[in-house]
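Structure in structure tokens, see below.
Chain nomenclature is as follows: A, B, C and D, assigned in order of appearance, with residue numbering initiated at 1 for each chain independently.
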Amino acid sequence: MKRKICVVITARPSYSRIKSVLRAIKKHPDLELQLVVSGSALLERYGNVVEIMRTEGFEPDAVVYMLVEGENLVTSAKSTGMGIIELATVFNKLKPDAVLSVADRYETIATAITGAYLNIPVVHVQGGEVTGSIDEKVRHAVTKLSDLHFVSSQAAAKRVERMGERTETIFVTGCPSVDLAAEVIQKNERPVFEEIDGIDSALTQKTPYLVVLHHPVTYEWESAGEQMWELLTLISGLNMPTFWFWPNIDAGAESSVKAIHRFRKRDTLKNIHYVLNLMPERFLMLIKNSACLVGNSSVGIRESAYLGVPVVNIGSRQRGRDRGPNVIDVPHDVERIILAIKQQIMHGPYSLSSLYGEGNAGKKIADLLATVELTSQKLITY
Amino acid sequence: MKRKICVVITARPSYSRIKSVLRAIKKHPDLELQLVVSGSALLERYGNVVEIMRTEGFEPDAVVYMLVEGENLVTSAKSTGMGIIELATVFNKLKPDAVLSVADRYETIATAITGAYLNIPVVHVQGGEVTGSIDEKVRHAVTKLSDLHFVSSQAAAKRVERMGERTETIFVTGCPSVDLAAEVIQKNERPVFEEIDGIDSALTQKTPYLVVLHHPVTYEWESAGEQMWELLTLISGLNMPTFWFWPNIDAGAESSVKAIHRFRKRDTLKNIHYVLNLMPERFLMLIKNSACLVGNSSVGIRESAYLGVPVVNIGSRQRGRDRGPNVIDVPHDVERIILAIKQQIMHGPYSLSSLYGEGNAGKKIADLLATVELTSQKLITY
Amino acid sequence: MKRKICVVITARPSYSRIKSVLRAIKKHPDLELQLVVSGSALLERYGNVVEIMRTEGFEPDAVVYMLVEGENLVTSAKSTGMGIIELATVFNKLKPDAVLSVADRYETIATAITGAYLNIPVVHVQGGEVTGSIDEKVRHAVTKLSDLHFVSSQAAAKRVERMGERTETIFVTGCPSVDLAAEVIQKNERPVFEEIDGIDSALTQKTPYLVVLHHPVTYEWESAGEQMWELLTLISGLNMPTFWFWPNIDAGAESSVKAIHRFRKRDTLKNIHYVLNLMPERFLMLIKNSACLVGNSSVGIRESAYLGVPVVNIGSRQRGRDRGPNVIDVPHDVERIILAIKQQIMHGPYSLSSLYGEGNAGKKIADLLATVELTSQKLITY
Amino acid sequence: MKRKICVVITARPSYSRIKSVLRAIKKHPDLELQLVVSGSALLERYGNVVEIMRTEGFEPDAVVYMLVEGENLVTSAKSTGMGIIELATVFNKLKPDAVLSVADRYETIATAITGAYLNIPVVHVQGGEVTGSIDEKVRHAVTKLSDLHFVSSQAAAKRVERMGERTETIFVTGCPSVDLAAEVIQKNERPVFEEIDGIDSALTQKTPYLVVLHHPVTYEWESAGEQMWELLTLISGLNMPTFWFWPNIDAGAESSVKAIHRFRKRDTLKNIHYVLNLMPERFLMLIKNSACLVGNSSVGIRESAYLGVPVVNIGSRQRGRDRGPNVIDVPHDVERIILAIKQQIMHGPYSLSSLYGEGNAGKKIADLLATVELTSQKLITY
């Protein structure tokens, strides 16, 4: 009988990050994929990921509405509570042999808790990494709730082991988000600007451009709007075509979104193209071909290492995460950010780093899911 | 300004376990106690703990209904989700400087998650211990969500540190549940049987008696009713006066409770006195003076070490927990349990062990809460 | 294509009340039954209705845990909220052509609201009746949320119409609970006492006996325990064999249950047999053959009219409901209750009344569900 | 002792609609106002009503996050469930003598249910009216859950009475939303365009302009986006300055909002000014001075009757509601809408109608709340 593996996608970026795993599970003769889509992945205004999934051959087995509106700290907690209530129903219905929780966004702990309470083995992808913000607490708590760990790097494996997890439950598979990056590099295509809504027709394949991926930081969410405004002003001043992605739906997103709306209204230079969502491959292609990626997204640390794209990483959000030589870290300081961007543009593309994997994580994970012992009981090793 | 410390009591046993801390916080000139009572601590049929609290001078600042009926694995998860939804409202209203989460019952993670998401420093008491069952996952996950750790023993401190917590956030205060045990020993009174409902009047102060504290184990909840019935038959056959406490409201409790009801109806020997609840001090006094404590409660490991009472610990529930010389471990096997009880009765009282503290944990914890740095941000140490 | 009719059972008594409808829907060639079981119907300690259903050939399509523990007014509200959250998921999954909501218990409004919001036609059984307590508000609110009304009597039909519902949506089908009563009368068997747990073997088929069905009243829930105690003392004093059913899981149930537990412990006469649950037919057979039915259950008004059993109805709970000649109404007053019981025993069985239907409601309802127009849009008629 | 009246505001428009009541309660010597703000009234992206309230002297006693993201039928139901769960906590804390529920939006039933279950008298404002859509079911269900009815007109009073409510609980106070309209008329000021974000400076006090208030209809929510697009194209083609208010956060809003975003991007005429929110008085002033109000908002029926502004009411959303001579009803048909708008512009202002009240509803309601009997028990009158 096939092992039923239930993967819970809670947000837009989680999908592309885990897609190669979804594909490999679906293809594997001994595995059955159960796909649960929830959280912001269901929302129109953040780009409907379910529709993208469908076009790529993935039909959700369950859809879970869990986000309580407000986008502040209180509603983050309530959303997680709601997530547990809803996922308990879903897991009880689907009766998976294992549930797979991706990374460290606040709501991912709902998957791990619900799995653990229902005595379902919990599989964690991207554990053992280090960053600032609430993600740090969530990620390691999820590790302690999980029974199987598929990590991105040796350093991550080491950390998971030191936290008291048994060696035979930890596997360095590389990060599945890198798999897509590897595909994109193989294809070596140029980005297709036309599919970006409202794009300036003057933008040709050869114009150098920037990409911005900047999210509000939970610990600083009250000033998130101001920081966004500052960054918009600064980037706009560089006078380069820029693709600016809407931020994640986290506490603080409302003020950030508002700042963008307001800026856009007053902006006369019109260099910035606001992007809601792209198909994951198009997204990585856009990044790979950019002159510089700016912001605080983990994409700048993780996928970009493999893509060799120059990155300016702002602030504390990715603090502690291992980075390749392609990243310049700067605080949220106008002068320093400008300087770093210019330096990166001058430098141009870096060579590929396999710091976060070699592009075959999806296959490795599926093979392991089909063969390793699945249990929901464990003891700390010391 | 006083630091506001919010303590969340989620179950009957948590209250006595943390009472000395509540008292010490209330008395401390630099601290203000915010008391939240929730879960089974609010239910009549498990003994209304709120009323006991009131008679002892503690008035709840908020009351939180969070238990979804069903007492199975699915409703355990849903109850935790409900707990997070409700506690988010409460913490947002009370705005504490720290929230304190006790031990490792499944619903305690609701306190830690909500505190962490609201950027409130989370204080964990009784972390770093090792046991079987779902508690093991919950306890260590709570450690990773917490900012301050008040542990029972050096061994526990070591474990918390190895999990990546900073040394300066870990304090060996001893277990507050031992504080009450120390008080009881100082008073050296005999138990007052009269306050136990329906007690056999023939029971005098000198009759040797047993106490049973046995809870369903989450991993085995389907067979919980049968095990309870077996244990009842066995204990009843020993023909000694026995005080049997109703089990916790966990998954599996329903079948256990049913087994007790059925047994009671058919029992003709009438040696067993069923007890819903006792004031914590009376409870410990009853245990201290018993010929043997039987079951799988942590009281048999923790408070009993200090009380020096002979204990027969059944099954895997307390697996991994450090124990004093007063404990004989047996599997769930009729012969072995009988043998061990007889052996313990023969042995009589053991000498006091400070394995879980010296009886001053409450004061130590309050003093630390008043003085240590409180922060909600942390990074793993490696 | 078959019409999918989703029936939501939320409590123990709702099942027997609607069973003939379930059967008729299941048998109907143009209908498909979708069965949702929730609330106290899922709880062991109130008698597991799901198991009974299964033995009678009904397998739930979904199971919905919605009761928040506490059994007070606050948790009644929260349980209803939880019910809506959960039923929204279920209805969205099952996509029924109509949902059927039974009667007027507080949690039934969850079914009506969720159906209405999802644009699913809502069918209400037992609307248009009049009683005291919160049920009165709930019942008529459910009528205004419903699109189709299957009522018990002409009087009920009249009321539903006067509330502004269109005549062509109102059908006098009789009450489905009477269907089972009709079956029982046809079979004309004597009750089988043996299946009642712990029954006194001296009780023969010819001993006259009482049945008590008494539930806490929401408006008076604080005194529910006392009233139960008084009634127990009084009935016990009559020195007749008595079958006493455990009360519903409503606000106030805890204190009532406690009163029963306490009384049982002290009772020396041992005339009272406490019954958790019986198969619906056995239940009605027991009532039919009783010397008198005592309490405040709607069974005393509704099914008993058809069964012709003498009833003493206590207090305001059934106020306003049309009753047959077999009912003597008394306030909660010891003297008056005793007098009325004696009077009824003297009188003996009454002749059958079809006030609440003629025993074919199930079939009528199924036939209508298969043929009438189903719409979720309506306007008040005036 | 003052009577505590708890008013629950669940959405942006509810505040202005009830403001005169809030003021009158606050001023009344025998009343104490308890203000609960929830739902979309808390959301930044729909204009933060709490901040407006504060500037007008109202501080919320509780803030209730209840909206589950998704803006479809399923999440409407879930949001209502969440509302009940949260309001039960709030009402239990505030212990009001009565709760006041406004109008008929889907989530208002949460207030009525929670009040009814907690045995708190429920006061309903704006009952007895008739409209299309889900509001129709909700409004009359709230009437049946309510104990006191403050209605807008004699026709509404008649309907509430016919539904079985006792005459002495029904009061024709007029609609409080008209109170503000009366104030605005008294002041007779011209609108201040400057406070509207991004306003065209060329717009002077004398330019005739349109106002559009158009919300998605629940029954048609799948086509809501298309309808919005059509209306935008049509209005834009009229080539008049237009103030277009963002739609309510209902099921279907997402596609409507998306349609607006898309249209705005492509619009080259730039006649339309998108408005998120205005202070209620400014809002009414803007409407009063408009050449024509277009859309399907109840403002066009209710306040506009008193203001005498020409209205083109589109589609079924206000079906059944009594209207003054100032309203032309049209289906969603491009030709007919254009024609009607032109006709209304030609006609100019209508004379004032007191169909929905005379501008003193707030005072009347407060006076009644201070004096009438408050009870939570009732029986249908027939």
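Methods note: a contact is a pair of C-beta atoms (placed from the backbone, for glycine too) under 8 Å apart; a residue touches a chain by one contact, two chains touch by 3 or more.
Owing to the predicted nature of the structure, the values given are computational and were not obtained by experimental measurement.
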Centroid-based (C-alpha) most distant chain relative to subunit B: D
Same vs different contact residues, subunit A with subunit B, by half of numbers used: same
Subunit B-subunit C separation of Cα centroids, rounded to whole Å: 40
Geometric centre distance via CA averages, subunit C-subunit A, whole Å: 52
Touching two or more other chains - residues of subunit B: 74-75, 78, 82, 85-86, 89
Residues of subunit B touching subunit D in the complex: 82, 85-86, 89
List of subunit B residues in touch with subunit A within their complex: 73-78, 80-89, 92, 106, 109-110, 112-114, 116-119, 130, 132, 134, 136-138, 140-145, 158-159, 162-164, 218-219, 319-320, 377-380, 382
Touching residues (chain side subunit D, partner subunit A) in the complex: 40, 42-45, 65-71, 74-75, 78, 82, 197-198, 254-255, 257-258, 265
